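Beneath this line is the structure, given in C-alpha cells, with notes to follow.
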Amino acid sequence: MKNLKIAVIGGGSSYTPELIDGFIKRAHELPVKEIYLVDIEEGKWKLDIVGELAKRMIKKAGLDTEIILTLNRKEAIKNADFVVTQIRVGGLKARAKDEIIPLKYNVIGQETTGPGGFAKAIRTIPVILDICREIEELAPNAWLINFTNPAGIVTEAILRYTNVKAIGLCNVPIGMVKMVAKILNVESSRVKIDFVGLNHLVWGQKVYVDGKDVTRRVIEELCDGASLTMKNIPDLKWDKAFLESLAMIPCPYHRYYYMMEDLIIQEKEAVSSGKGTRAEQVMKIEKELFELYKDPKLDIKPPQLEKRGGAYYSDAAVSLISAIYNDKKEIHTVNVKNNGAVSGLPNDVVIEVNAVVDKTGAHAITLGELSPKIHGLIQEAKAYEQLTVEAAVTGDYGIALQALIMNPLVPSVKVAKQLLKDILNEHEEYLSQFR
Amino acid sequence: MKNLKIAVIGGGSSYTPELIDGFIKRAHELPVKEIYLVDIEEGKWKLDIVGELAKRMIKKAGLDTEIILTLNRKEAIKNADFVVTQIRVGGLKARAKDEIIPLKYNVIGQETTGPGGFAKAIRTIPVILDICREIEELAPNAWLINFTNPAGIVTEAILRYTNVKAIGLCNVPIGMVKMVAKILNVESSRVKIDFVGLNHLVWGQKVYVDGKDVTRRVIEELCDGASLTMKNIPDLKWDKAFLESLAMIPCPYHRYYYMMEDLIIQEKEAVSSGKGTRAEQVMKIEKELFELYKDPKLDIKPPQLEKRGGAYYSDAAVSLISAIYNDKKEIHTVNVKNNGAVSGLPNDVVIEVNAVVDKTGAHAITLGELSPKIHGLIQEAKAYEQLTVEAAVTGDYGIALQALIMNPLVPSVKVAKQLLKDILNEHEEYLSQFR
Amino acid sequence: MKNLKIAVIGGGSSYTPELIDGFIKRAHELPVKEIYLVDIEEGKWKLDIVGELAKRMIKKAGLDTEIILTLNRKEAIKNADFVVTQIRVGGLKARAKDEIIPLKYNVIGQETTGPGGFAKAIRTIPVILDICREIEELAPNAWLINFTNPAGIVTEAILRYTNVKAIGLCNVPIGMVKMVAKILNVESSRVKIDFVGLNHLVWGQKVYVDGKDVTRRVIEELCDGASLTMKNIPDLKWDKAFLESLAMIPCPYHRYYYMMEDLIIQEKEAVSSGKGTRAEQVMKIEKELFELYKDPKLDIKPPQLEKRGGAYYSDAAVSLISAIYNDKKEIHTVNVKNNGAVSGLPNDVVIEVNAVVDKTGAHAITLGELSPKIHGLIQEAKAYEQLTVEAAVTGDYGIALQALIMNPLVPSVKVAKQLLKDILNEHEEYLSQFR
Amino acid sequence: MKNLKIAVIGGGSSYTPELIDGFIKRAHELPVKEIYLVDIEEGKWKLDIVGELAKRMIKKAGLDTEIILTLNRKEAIKNADFVVTQIRVGGLKARAKDEIIPLKYNVIGQETTGPGGFAKAIRTIPVILDICREIEELAPNAWLINFTNPAGIVTEAILRYTNVKAIGLCNVPIGMVKMVAKILNVESSRVKIDFVGLNHLVWGQKVYVDGKDVTRRVIEELCDGASLTMKNIPDLKWDKAFLESLAMIPCPYHRYYYMMEDLIIQEKEAVSSGKGTRAEQVMKIEKELFELYKDPKLDIKPPQLEKRGGAYYSDAAVSLISAIYNDKKEIHTVNVKNNGAVSGLPNDVVIEVNAVVDKTGAHAITLGELSPKIHGLIQEAKAYEQLTVEAAVTGDYGIALQALIMNPLVPSVKVAKQLLKDILNEHEEYLSQFR
C-alpha cells in the first residue's frame, strides 16, 4: 500500500523541511514509502544536515517513510513516482551576480525577472534537460513538479524539448490567496482568484469570496495600505489610480515592471548601504537556518524558515502531488501549456493559470480574450521567454541578445549587449553551450 | 436562510417529479423556499396533476418548500434565482410530425437530430427568446438552466441573442457515465469521461476509472455487446473495426450519423408495423404516467417514469444548480461557450464539454486540437446549428434552406427543399417568423 | 540566357501537348532550354508518340527548346527548375474501378471526390512522396507544380511530409473564370473571382467584372440556365432558391455534394446504358487522341484535345510557372497552406485560394471568417483529407476507415467498410503500404 | 469620363503640392475632375497660398482638373470618391508640446511614438471620427485614405467605430524600399520587402531584388554604415550583432525602441542647444516653404519640400488611389485589418502589412506565425494602441493611464501618471472628451 517514491533533486536545499512538513501533513492521503534527497558534491554538507533533520521530522511524526540521502541522481530518479526539482545552478553566489550585474546599467537586478532571471534560465535549463533525459529513461511515468526558477521558462523548456510529464509550480499564487484572505479576514479556503499570466507575472483577474466578486474591495484595501508582497520584494504601495483602472490584482513581482525606477533605487541603496542584495541576505538566513537544522533536538520545521521566502511552498507542492495521485479534479494555479485557455497565445506555450488537476495532469481552464491592459505585457514577456529557452538550448549568442532586448526590463540594445557580455563572462563555467 | 426561488417553465411536464425528487435529495445543500411550476393554458390539466403530486412529494419528504402552480410566466420568473426550461413547443403532436416528415424522403426522423431537430429548433427558439426577455427584465441575476431540446442549439441562441446567464444541460453525458460504470461494474463516481462535441453529438475521448485510462477496455466491452444507449434510441451494436479505430466512445445519438441507413429502416418499420414513432410511444407512456400521477396516494417519483427516457435528469439538473449555488468548483458536462477549449472553433459558439462550475458559471476546460476523426463532423454540425439559430431568429427562408442542406443527415438540396416545405407547412402555427 | 530545365513526370500523358503549347505561348518570358518528358515502362508507347508530337510543335514554333524523352526519372529531375507531375497511378483502368466500385453501394463513383478520390489518393501519395524524395536530393531548389489528382490531398501530403517547395494546381478555378466571362460576355481578364475552399470543393464567394461585384447577376444567369460545368461533370442545373441563398458560385464538382442522388442515378444509367463510366469514355477519347498524335503532319495542339477535359490547363500551369520565374506578384488560384487565410483552419493545412505568386512562392490572401454556409463542409472535407493523407502514408486500416467515414459522400460506417474492402482488394497491387 | 472627386481634409498643409504632383503624374490613369482642398479657419491663410500654387501646378501640367478651396468640410466631402485626411489637430504648436513634455521625465518625446504619439492620438481621433460621420452620411461609397498620424491608431479607431471604408497609409514602407534600392544601387521597382508590424513599428522581414533574397546583404550594408532613416529621425547606426541576429530590417522609427537612451540624449541636446525639437525645426521649414509657395512664378512642386520629411508621400498616396480606382490588384504596404495575416493577433485589429489592393479595398497577404524577436513588441504596442483608441473615444482617465503604462517607451506607472497629467493639462482645449 505504501508505495510512492519521491525524488527531490536539490534535496540539500534549506527549503526541504517545508517539503517534508508537507508530506507529513498529507500522510493520510499520500502513502509515501521513500523520499530520495539527492544533491551534488558541493551541496553534500547541506544535504547531510537537512537530511538528518528530515529523518527526525519523519520520526517525530510517527511515520515509516524512508529518507534516503544520495549524490547518485539516477538512483534517486529510477522508478520515482514524483520528481521534485529545487536546484539552483551556481548557488547563491551566482544569484548575487544576477542581482548585481544589472544595477551597473541601471537595470533591475532580480533573481527571476529581468536580466538576472535570464542568466538564471540559461544556466539552469541545460541541467534540467539533463535531468529530464534521465527521467525519460529511468522513470518515464513519473510526474516532474518543477519549482526551479524561473519556473515558467524552465517548464516551457521541459515541455518543448522533452517528453517528461511536467508541471511548473510557484508559491506566488497560493501566497496571494493567503494574503488576500488575511486582508479580507476570511479563511483562505473561501478565497478564489482567477489567475492568468506567466510565472512571476501573474494577475488575479477577479477575486471571489464564497463565489462573490470582491475584487473592487481588495483593490480598495490595497490602495489603503494593505500589504500583498513577498519576503524578497519591497512592499512598495500601489498607485490608487493605477490599481483602480487596472481593476485586477497584480502579483508582488509586478512591482518590477510597474515601479521600475523606485525599485532600482531601492536595490542600489541596499547594496550601497551594506545591507546587500537579496542573495546576500539569503546567504545569512541560510547560514542561520543550517545552524538551526544541525540541532539534534530540532524535529519540526522551524518557524524561522518562513523568513526565507518560501511560504506556502509545501502546501502548493504536496497538495499538487496529492491532487494528481488521488485524482482530485481540484483547481490549482500552475504552469502548463496554454492549450487555448488564453486567446492569442499559441496552444503550446506555458502560462500560469488555474487548471483542473487529476491523475492525467493539469488542464488549463478557458479564459478567452484578455484585456489589452495585461495582454500586451504577457505577449512581450512570453516572446522573451521563448527566445530565452531557445538561447539556453542552442547557445546562440544572437538569440540570447534578442531575448534580452525583448525583456520588458531592458531599455535598449546597447544595455542588452553590455548585460549579455557580463552574464556570459561572469557565469562562464555554467554556460558551456555558449562556447 | 431558506431563500431560493426556482421557476420551472413547462412545469406540467411528466418529467417534473424527477426534478422535484432532485430538489428533495439535495435539500440539505439547496435551501429552496419556492418552486413555481408554470405552464400554458393547454397544459393546465397536466400542470394540475403533476403539481399536486409535487406537493405530496414535498410533504412526504418533510420539507416546507412551497410549490406554486401558475399560468403567469412573469410571476414565476420575477426574482427567481434559477429558471429551468423544459418546454415542448407544439407538444408531442409536433414531435410526431418531426419524426414522420423526414421518413417520406428516406431521411432520419428524430426529435433532436436531422430535420426533426431543425423543425423543433425553429419552433422553440422564438419562445425561449421571449422567456429570456422576461428574465432580462424581471430576474436579471437568475441562472437559466436549459434542458429544452435541441439543448445545444437553443443555448447557442440564448447566449448569442440575449444577456441571460444560461447553461445548457442534457442527460446524455451523465447517462453515459452511469452506463459505462455499469459496464465496468464500478461506482459511477469513480468514472470520469473527457467529453467533447456538441449536444447529442458528444464523444467520450477518454474514459477513466480512478484516473486510470480504461478507454480501450470500454471499447472492447461495447464491441462484445455491452449496451450504451438510451430509451429512445435502438440499441444497434457498434462495428468493431470502427470503434477500435475511432478509439473514443460515441454517444447513443451518434448512431444516427454512423448507422444512418439501418436506423431509417428501423424507423420505417416502427411506423409501418403500427408500433408508431417514438413520439407516439411517448404519448402512450405519458398518458399512463399522468394516470399514475393522479393517484392521491402516490407521493414519490414513480419508478415507471424511467421508461420515459429522462434518466439521471434530476441528478444532472439539481446537482448543477447546487454546484452554482454552493460555488463547488465541480466538473459538469454542459453546453457553454467554447472560449478556446477546442481549437478551430470560434470562442463564442456553444459546445458540450467538461466545465468547472462555480458561482460565476461554467468554464470550459481546455482540450486543444481535436482529432480529425471527430473534428470535421463537429464543425459541420456547428455550421448547421449556427444557420439554424439565424434562421429561427430571422425567419429567412434561404438561411433555413442552407441550414438543412448543411445538416449531416440531409443528403441533397432537393431533399432539403422538400423537407423545408413540409416543415413550414406542417408547423405553420408555430413559425410566424417565416410568414 | 535560355536556362530553364523542366521535368514533366507522366510526360506520356495525352495532356502533354497542352503543356507544350503553354510553353510555346510563353516562350517570350520563359527561356526554357530543356523539357524532360519522363514516364514509366508501361507508358513508353504513349511517351514516344506524344514526345514526337511535342518535338514537332516546338519546331513548328521556331523554338530551340530541347525535348528529351526518358524513362529515367532521376535524370529528368536532376537540377530541374520546375517539376510538373501529371501521373495517374494505375492508369485509366484503376480510375474505372474508382468510378464503378462506389455505385455498388449507391455512392457517387468519381475520379477525385468520394470513395473514388480516396482510392486514387492512397494509390498516388506513396508514388508522389517517392518523387519528392528524389527532388529533395537532386533538385532541392526546384518548384513542384502538382496537378496530380486529387490535387489538394496530394499537395497536403507533399507539404506535410517533405521539404519540397510545392504548389497544387487545378484547372477548375481558371475554368470557372473563363465560363463566367463567357456567361457575362466579357473578356476573362476582366473577371475576378474570390475563390475559397478545397480542391474540387471551391466556391467563388464573389464575382467581379472590372472590380464591380456582379455575383448576383451571375447567379441569376446560372438560374436561368447558363452553363458552368466541365467535360466530366453532367450539366445539371442549380436550384434557384439554393443558389440565391448560397449567394456564391459553387464549382462544377459541388454537384456531387448538393445533387448527390441525381448524379448517382446518372452515373448508374451511364453504366447500364453501355455509355460507360467517365474513365471508359476517356479511354476512347485517349485512343483517338493518340491516333491523331501519331500523324507526323500534326505539329500543333489538336483542337480535339479539349474534349479530354483539361481545358485551360496549359494556361494555368505555364502562367503559374512564369509568375514564379518572373517574380510577377500576380494572383493565381492555387493549393497552398492556409497560413491564416481562413479563420478556424490550422495554418498548415492546404486550401484552394487566391494567392499572390512571386519568386518565393504562393502566399494566400486573407479571407477571415467564412460563412457557415460553406465553412462546415470545408472543415468536414478537410478532416477527410487529413485522415486520407495519414492513411496513405501509414497504411493503417483504421485510419483509412475513419477517412472514408468522414467523407461527405459516404453515408455510414457499414458502407465505408464495404467500400474500403473493395478498394483494398481491387487496387492491391498499388497499395503495398496496407499489407 | 473625367469624373473623380477628391476631398483633401487639411488641404492647407505644406504637403499638398506633393499630393497635387502625384495627381498630375497619374493623370493618364486617374480622371480627376475636382480636388477640394478644405481647411479650418486658422489654416485659411495657408490654404489660400498652397491652393493657388496647386492651381498653377495643374495649369502648368495642362490639365483641366478643378481645384476648389473651401472651409466647408461637408461641401468637400459630399459625393467625394476619395477623401484624404492630412490634418494636425493643434498644429505644430501641439506637436512641440508632445515632443517636449516627455523629456521632462526622461522619456522619448516624439510626434507619433511614445507619449507624444499618445497625446496626438487622443487629440486627433475625435476629429477624425467626426469627419467619418460626415462621410457615412454624405459620401458612403468614398474611400478614406488616412495619412493622419499616428496613422495606425487613427485607422484602427476608424475601422472599429465607423462604417467608413478606410485604408491607413504611411510613407515609411515606401521610403524604406527607395532607400534600400539606393543602398543596393538598383531600381526601386525591383525591390520588394515583406513588411509586417504596426505603423511606425514595421519590420522588413525579407528584402528581395527581382525575387532574390538579399536581406543578409542589406544588413551588411547597414552595418557598414549605409543610411536608412528619415528626415525627422537621427541617423544613428545600428549595432551589428543586433542587426545580424534580428535578421530583418528595422524601420527608422525602431531607433526609439532599440536605442532609447541615445535618442533621449540627442533630443535633450537639440532642445538645450537651441536647435529646438523637430516641431520647432519644422515650423521654420514650413515658414520658408510658404514663402516659396507664395511666389506666383512657382508652378511645380519645389524641391525644398523634400526637407519637410514627406518624401514619396505622393507616390504612396496617389498610387494607392489609382490601384483602387483601376482595380490593379497591386501590392501596397498599408494599414488594414489583420484578418488572419499574422497569427496571434485578432482578425479585427489594424496592422501595417503588404496587401493586395483592388477596387474592393486592401486585402492583407498571409504571413503566419511571426518570430518572437518581433512578435512580443508588436503585441505590446498593439495593446497600447487598443487602449489608446478606447481612451480617445471614451475620455476615460483610467484607460488613458493604462494605455500610457502599456506604451513600450514609458518606464513606470509613476512616470505615466505625470505624463498623463501634463498631457491633459497642456492639450486641454482639444480634449473635451476627458472633462
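Which chain is which? They are A, B, C and D, in the order written, and residues in each are numbered from 1.
The rule is short, and it goes like this: a residue touches a chain if its C-beta (ideal position, glycine included) is under 8 Å from a C-beta of that chain, and two chains touch if they have at least 3 such contacts.
Note that this is a predicted model, so its numbers are computed, not measured.
Q: Starting at chain A, how many touch steps does it take at minimum to reach chain C?
A: Minimal hop count between chain A and chain C: 2.
Q: Can you compute the centre-to-centre distance for chain B and chain C, using the mean CA position of each chain? Integer Å is fine.
A: The mean C-alpha positions of chain B and chain C differ by 44 Å.
Q: Taking the mean of the C-alpha atoms as each chain's centre, how many Å separate chain B from chain D?
A: The answer is 55 Å.
Q: Among the residues of chain A, which ones contact at least 2 other chains?
A: Where chain A meets two or more other chains at a single residue, that happens at 343, 369.
Q: Run through the chains and report each pair that touches.
A: A-B, A-D, B-C, C-D
Q: Tell me, which parts of chain A touch chain B in their complex?
A: Contacts found on chain A: 192, 206, 208, 210-213, 327, 329-331, 337-343, 347, 356, 358-360, 363-369.
Q: Tell me, which parts of chain A touch chain D in their complex?
A: That would be residues 239, 241-242, 244-246, 258-262, 343-346, 369, 372-373, 375-377, 379-384, 386-387, 396-399, 401-402, 405-406, 408, 411-417 of chain A.
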